[in-house]
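There are two complexes below, and they share chain A, which is joined by chain B in the first and by chain C in the second.
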Partner chain A sequence: MSSILDYDFYAYPNICSGLKALDTIPRELLSFQASNPLILKYQKDPSRLERQLKAACCTSQIVLGPICRIPENLSKDDISTIVDTMKESSVDSIIAMGSGTIQSVAKLVNSLYCCDFALEEIESLPCDSFTPLPHIAVLDERIDGREATNRLLLDEYRLHHDSLYPEYIVIDERMMASGRDKESAASAIISLTQTCEAYRDYLLTPVIASWTKSSLHFLGEYQSMSTKQAKIALINAAVATQIAHSNIPPGPVTTISEMLAISGFCSEAQAMATLLPHFLSQLTFDKGSPLDESFDEIAMICSDVPWNDIQQMISELLKNYERYIHCSKTSGIITSLIRQTHRLMQHSNNTEIHTLITDLVSHTTSQTVMGGEL
Partner chain B sequence: MRLPPFSQFCSRTRIISGEHALERLPGLLSSMSVKNPLLLTDKGLEAAGLLRLVIDHIEKGKLPAPLIFTDIPPDSDLQTVNEIAHLYREKGCDSIIALGGGSVIDTAKAVNIVVSCAEPDAQVLDLRDFSGADVITQRLLPLIVLPTTAGTGSEATIVAVIKDHENNRKMLFTSNFLQPTATILDPDLTLTLPPFLTAAVGMDALTHAIEAYTCLGKNPLSDGMSLQAIRMIIDNLEYSVAHPEDRSSRLALAIGANLAGQAFSNSMVGIIHTVGHTVGSICGVHHGLCMSILLPYGLEYNLHKIEKELKELSLYLCGEQKEAIGTIAAIRSLNDRLKKATAGRHVTRLHDVLDRDKRSAVRPDHLPIIAVEALGDGSHFYNPEQIDYDDILYLLNAAYWGYPLDRELIQKGHE
Partner chain C sequence: MKIRWRLSPGRKPFKSLYLHIILWFLGRSIQAAVHIDPKIRQEFFNLPDDMTFSLGVEPQGPRMVIRKSTQTGVSYLGRASRKTPADLEIKIHDIEGAMLLLTFRESTAISASHGRISIVGNVAHGCTIVRILDQLEILLLPKCIAKRAVKRYSTPDRIGAMRTRLYVRTLIGY
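Then we have the complex of A and B:
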C-alpha cells in the first residue's frame, strides 16, 4: 500500500538569491565549462539588465554570446530564428532573463537545439532524457508558475520533461522593476494556488511538505515587507512551491486555469483567484488532521508577522489581487469562467474538477465572488 | 524571520523513498544508461547480508552483477580512494553505487572526483588537488547512494571527508557537484542497525536539523527541510529504538536524516559539530554519540542568540510552544529516555563513554587538548556566537560531568 513515505522526488535547480546574486553567474557558467551563453530577454525590458549582466561577467573569461530580444507576440518564426542563431553561434549555455514566457522559450529552444528537432516535431521529443545546455533562469516578479519546473507552456506547445529543469536560478533585486504591482499580485496568487494544491495532495510527502512550508514562509515575508525585498520573497516563494508542485500531478485549480488561459478567456491568475476560494472551501481543516496541523505550525512559526492565521494570509493575498482587477471586468471573467467550466465538465472525468466546478457554479449564480458584483 | 541578504540552496539529488524502494534500483540504473557500475561497501554490511540484498535486486532487474569492492575502512582514506579509482578505470566502469554509511559514501564521492576530473589518458590524479571549497568545477559521473544508517545525511550533502594518513590530516571537499545523482531510502537497509546505534545516528540527524535551523547560514528553504526533519525524527526515533523491526519508523527516520542532510548542507552547522568533530578524532568517540551528548550544551552556549528559533522548535520537540529552555530540556529528556531504552548504552555525559576495553574513552586531561583543536575546526564559522578556548573548555567540562551551562560564566556574548 502506498503511504506518504513512498515517493520519488526529482532533482531540482540550484537557487541563488539576494544581493549581487547576478554576479554569481560567471562562476556558475565556468562550473558548467560554458563560456558562450545565449542571452534571452524581453524586447521591452530595459537594456540596463544586459549591462548589469555584462558587468557581472567582465571580470571573468565569459564573453556574452548572441542576445535575442523576445517580442510580446512571439511567432513560430521567432522561435526558429533563435534556434538558428544558437546553431550559428555554437552557444554552450542559455541565460534567460525574466519570468514567464521567456523561461518557456528558453526550455523550448534548448530542447529543439539539443535534439536537432524542428518546431513541428516537438511533440515527438524523446521520452528518455537528453542532455540540455545549462539553462540559467534569472527571474523577476512576473511568475507564471513553471519557471523552476520541468514544464513549459507556450501557446499551443506544452511539454513536460525532466530535461527541462533549469540548472541554476538567480533571484536578484536588480531584476525587479519599481512598478509591476499587478504582476506581483498575480504571481502571489499563482504561488499560493500551487502551495495549497501541493499541501492538499493526497500524499503530502515529507519532502513536499518541507518545500511548501518554505513557500508559506516566503509568502508571509512578502506580505509583511514592501518594495523590492517583498518581490525577492515572492519569487523565492514561487520557486519553492514550483519545486514541490512539479513533483505532484497538477491540482484542479491549476488544470482548469491553464485550460482557460490557453483558451484566451482570462489569465491563469485571474482564473486561480476565482477558483481558489472554492477549492479551499472543500478542504477540511479538522482539528488534528495532518493538514490542520501543518497550517497550525506555519501560523505559530510566523507569529511575528501581522497575521496569525494561515487562512487569514490566503484571504489577504486574494484581496490584494482583487485590488488590481476592476469589478466590472471581474464579472465578465466569471461569466466566461462559468461558461467555459461547464464545457470542461462535459469532457472531464476528474471528480475533483467536477466537484469544484459544481461548487463554483452554485456560488457564483447568487453570490459575490472575490468581492466583485455579478 | 527576515530574508538573509544572500543565500544559495542546492539539492540536486533525486530521492526515491519507500518500503521496497530498492526494487527501483535496476530501473534507475537503466534510466541513466548505466552499464557497468562499481558497487562500494564494507565488510560489515556484506556480513549483514545487505550486499546480497542489493545484488539480488540488480539481478532481478536482469542487469549484470556489478563489480564489487568491500574493503572500505571505517575512516575513508586517500589510499583506499586511489586503489578504488584504479580499479574503476581498469575495469571500465561507468558509475558508482555506494552502499553504506558516511565512510562508504564519502569514499564513493572522492573516487568520483578522481575518475570524473582526470583526463581520460591521465595515469595519476592527486585527490589532494581538489581539497577545499568549490575546487571541483565540473559535473561528476553518476553516483547512486544506498544509505544504511539514518543519520549522517551524507547521501544529500555537498561534503566529503577523507583522511590523508601521510600528512596526518583530514581533507575536506565541498562542492555542489558532490551531491549524488540519486539516493534510495529503503527501510530494509537500516533494519540491522542495533538500537544504541539507531539512537546515536538519529540524534546526529536531529543535531544536523537543529544546527541548520539555528546557525548563521540558515535560510527559509533550509528551515523548511529542518522543521520537517525534526518532526520525523522526534515522531519516530524512540519507537524505532524500541521496535527495531518496524519498517515504517525506520523509513521515516531515513527520510528525516535525508532532509536534515539537505538542510545543513545548505546552511552549515555550528559549535556542536565543532566540538564533536574534535572529541571524535581525539578520543575515538562515535560521532552520533558525541552529537547527542553535546547538543543541549551547544544550544545553551548559543541560547542568548537563538531564543526565538528554540522557542519555535519547542512546538516540535515539546509538542506545544514553550520558552527556549523548554526545547533544551526536551532534548535532555529525550536523551535520558534513549539511555533507558538502550540499557544505558546511549550515555548522556562524556565521562560515561567507554572504549572497546570498557575504559573511559574521554579523560579529563583530554579536555584542554580538545578545546585547542576545536578552535581549528571550520564548523564554528557559522555558529551564532563566537568561541574561544576558555568557553570551549567550560562547555566540555559541563558535558563531561553532566551539569547545565551557566550563561553567566561564558565569556563570549557579554561584550
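Then we have the complex of A and C:
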C-alpha cells in the first residue's frame, strides 16, 4: 500500500476550457513575463486561428513572434530551422496550436533550445530538471491526451521528462472542426481504456481517483452533448485521463495495444476497442458511476477490426507475453485477455497459433492456481 | 516550412468603444445611485472613508475609478492613471471576458467562477462592491436582462420612479 501512496504526483498544467478560452493567452503570457512567443501551427490549419490569437492580444500589446507553419511530413531540417529561428528571435515562450505532432515538436524544440543540444543528442537530456520556456498548448480534437503530459512521441524520438509538461492548456471551441470523426472516436476509446485502468488499480490514491472520476464525467458528456461541445468534453476527458495515467505504470490493455500499434498491425484505438470490453467485464464500479452500458457504445465505434488483424495481434501478443506479464500488476486481467484471445482463436484455422494459445492458457491457469498471482 | 516573422496585435475597436462607454456610464450611475437607492447608500456606508476602487479590463483596457470620501460623498474619477493604484481593484482579465460581463450575458458570480475576474485588495470590500454593482444593474436594466446579470433578483419598491431619476442624474452628472 505504501508503494502506491509514496510517490510524487505531477498534475502540472493549468487547464482553461470553455467560452473564449483562447483570449486568456495574453494574460498567461504576461504572468510568465513573456512577450515574444514562438507560434507553432499546422500548415494546413486555417489562418483564422492566427487572426483570433492576434485579436486576443489587442489590449496587451503583445507582438506575436515568429510563426512556424509545420508541414505534415516534418523533417529533421525543419526542427533545426525552428530552433535556429528561436535563437535568432530570442523567443521567451511557445504557443503550440494543434494536437499530436505540434505539441511534440513544441516539447522537442523547447528541450533543444533550453539545453542547447543538437537533435542527435536529445536522448541524453539531463536527468535533473532543466528550466524550459513556458509552453502554452492550444489543443484541438485530434488529441490523444499525451500532449498534456511529460511525454514526447515524435517518429523515433521518445522522451519522458518532467520538464516537458506544458505550463498552460487551452481548450477552445474555435479550435474544433465540426462533425464526429474517426479521430474523435479513437481519442474516446483511448481515454476510456486508460481511465478504466487507472480507476481500477489506483482508486485508493485520491489525486488519481479525482482525475479519473473527472474523466469519466467528461466521457459521459461526450456521449450526450452536441458535436462541438462533445469534442470539448472529449479533450477534457483525454487531458484528465493522461494526467492520471502518466503517474501510474501503464495497464495491461494500454501495454498490449501500444505494442500492437508500434508493430503496425492495427491502430492503438482498434486494439483497445477489441480488448476493452473484456477488461470492463472484470471491473465493478460504484452505483451511480457514469461507466454504464452507454460506454459500450463508445467501444463499438472502433470495433470493426478486420479478422486478419486480430489474428496478427494475437500472434504478436503471444511472442511478447512473457515480457508484458511482468510489466503488469493486474495478472487477473491479463489472464482474462488471454482467455478471450483463445475464444477468438477457436474460429481460426491457423493451428500453429491455436496450439500456442492453448499452451499459454494452460500456463496462465496453472500459474494462477499455484501462486495466486502471475 | 513557412515562417512568418511578426504578427502585430489586432484591434477590436467596437468592443473597446462599447466598454469605454459602459464603464463611463456605470461610473456616473454609481455616483448618482447613492442619492437614490437606500440599499446602495447603506453598502457604501460600510466601506471605509477615502477609499478608491476601480473596475477595469487588463492589461491596458478601459477602466473606471470611484472614490468614497467624507467631503464629497461618492464620486466618479473617470479612468484615472494606472500609475496610482486604487485601494481595491477589480480586474477583468481580457476584453472578451469584459464583453460577457458588461453585455450582461454572464453574472459577476459566474465570471468569477470561470476565472475571468480577480480582485486585488480587501475581499470583504470586494464583495460589497459586487453587491453594489448587482443592485445597480437591477435599477438600470429591464428585469429580463437583469435576471441574467445578477445572482438573485429582488424588485425594489417604486423601481420605475427610481430608474427614471437614476437615468436623469447619470446623464446630467450630479
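Keep in mind that, in the parts below, the second predicted complex is superposed on the first by the 256 of 374 C-alpha atoms of A that agree within 3 Å, B and C clash if a C-alpha of one lies under 4 Å from a C-alpha of the other, contacts with A are read in each partner's own complex, and residues count from 1 in each chain.
The definition used in the following text is that a residue touches a chain if its C-beta (ideal position, glycine included) is under 8 Å from a C-beta of that chain, and two chains touch if they have at least 3 such contacts.
All values reported here derive from a predicted model rather than from experimental measurement.
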item	value
Partner chain(s) touched by A:L64 [first = chain B, second = chain C, both, neither]	second
Partner chain(s) touched by A:V207 [first = chain B, second = chain C, both, neither]	first
First, second, both or neither for A:S89, with chain B first and chain C second	second
Touched partner set for A:L30, first chain B, second chain C, both or neither	both
Touched partner set for A:H161, first chain B, second chain C, both or neither	neither
First, second, both or neither for A:K20, with chain B first and chain C second	both
Which partner, chain B or chain C, touches more chain A residues	B
Touching both chain C and chain B, counted on chain A across the two superposed complexes	16, 18-20, 24, 30
Residue ranges of chain C in contact with chain A within the complex	1-12, 16, 57-61, 93-97, 100, 114-115
Contacting residues of chain B [partner chain A, same complex]	1-19, 21, 24, 31, 137-139, 176-177, 181-182, 219-221, 223-225, 227-229, 232, 248, 251-252, 255-256, 259, 308, 312, 315, 321
Chain A - residues contacting chain B, complex	3, 5-21, 24, 30-33, 128-129, 205-207, 209-215, 217-218, 221, 229, 232-233, 236, 240, 297, 300-302, 304
Residues of chain A touching chain C in the complex	16, 18-20, 23-24, 26-27, 30, 39, 43, 50-51, 53-71, 74, 78, 81-82, 85, 89
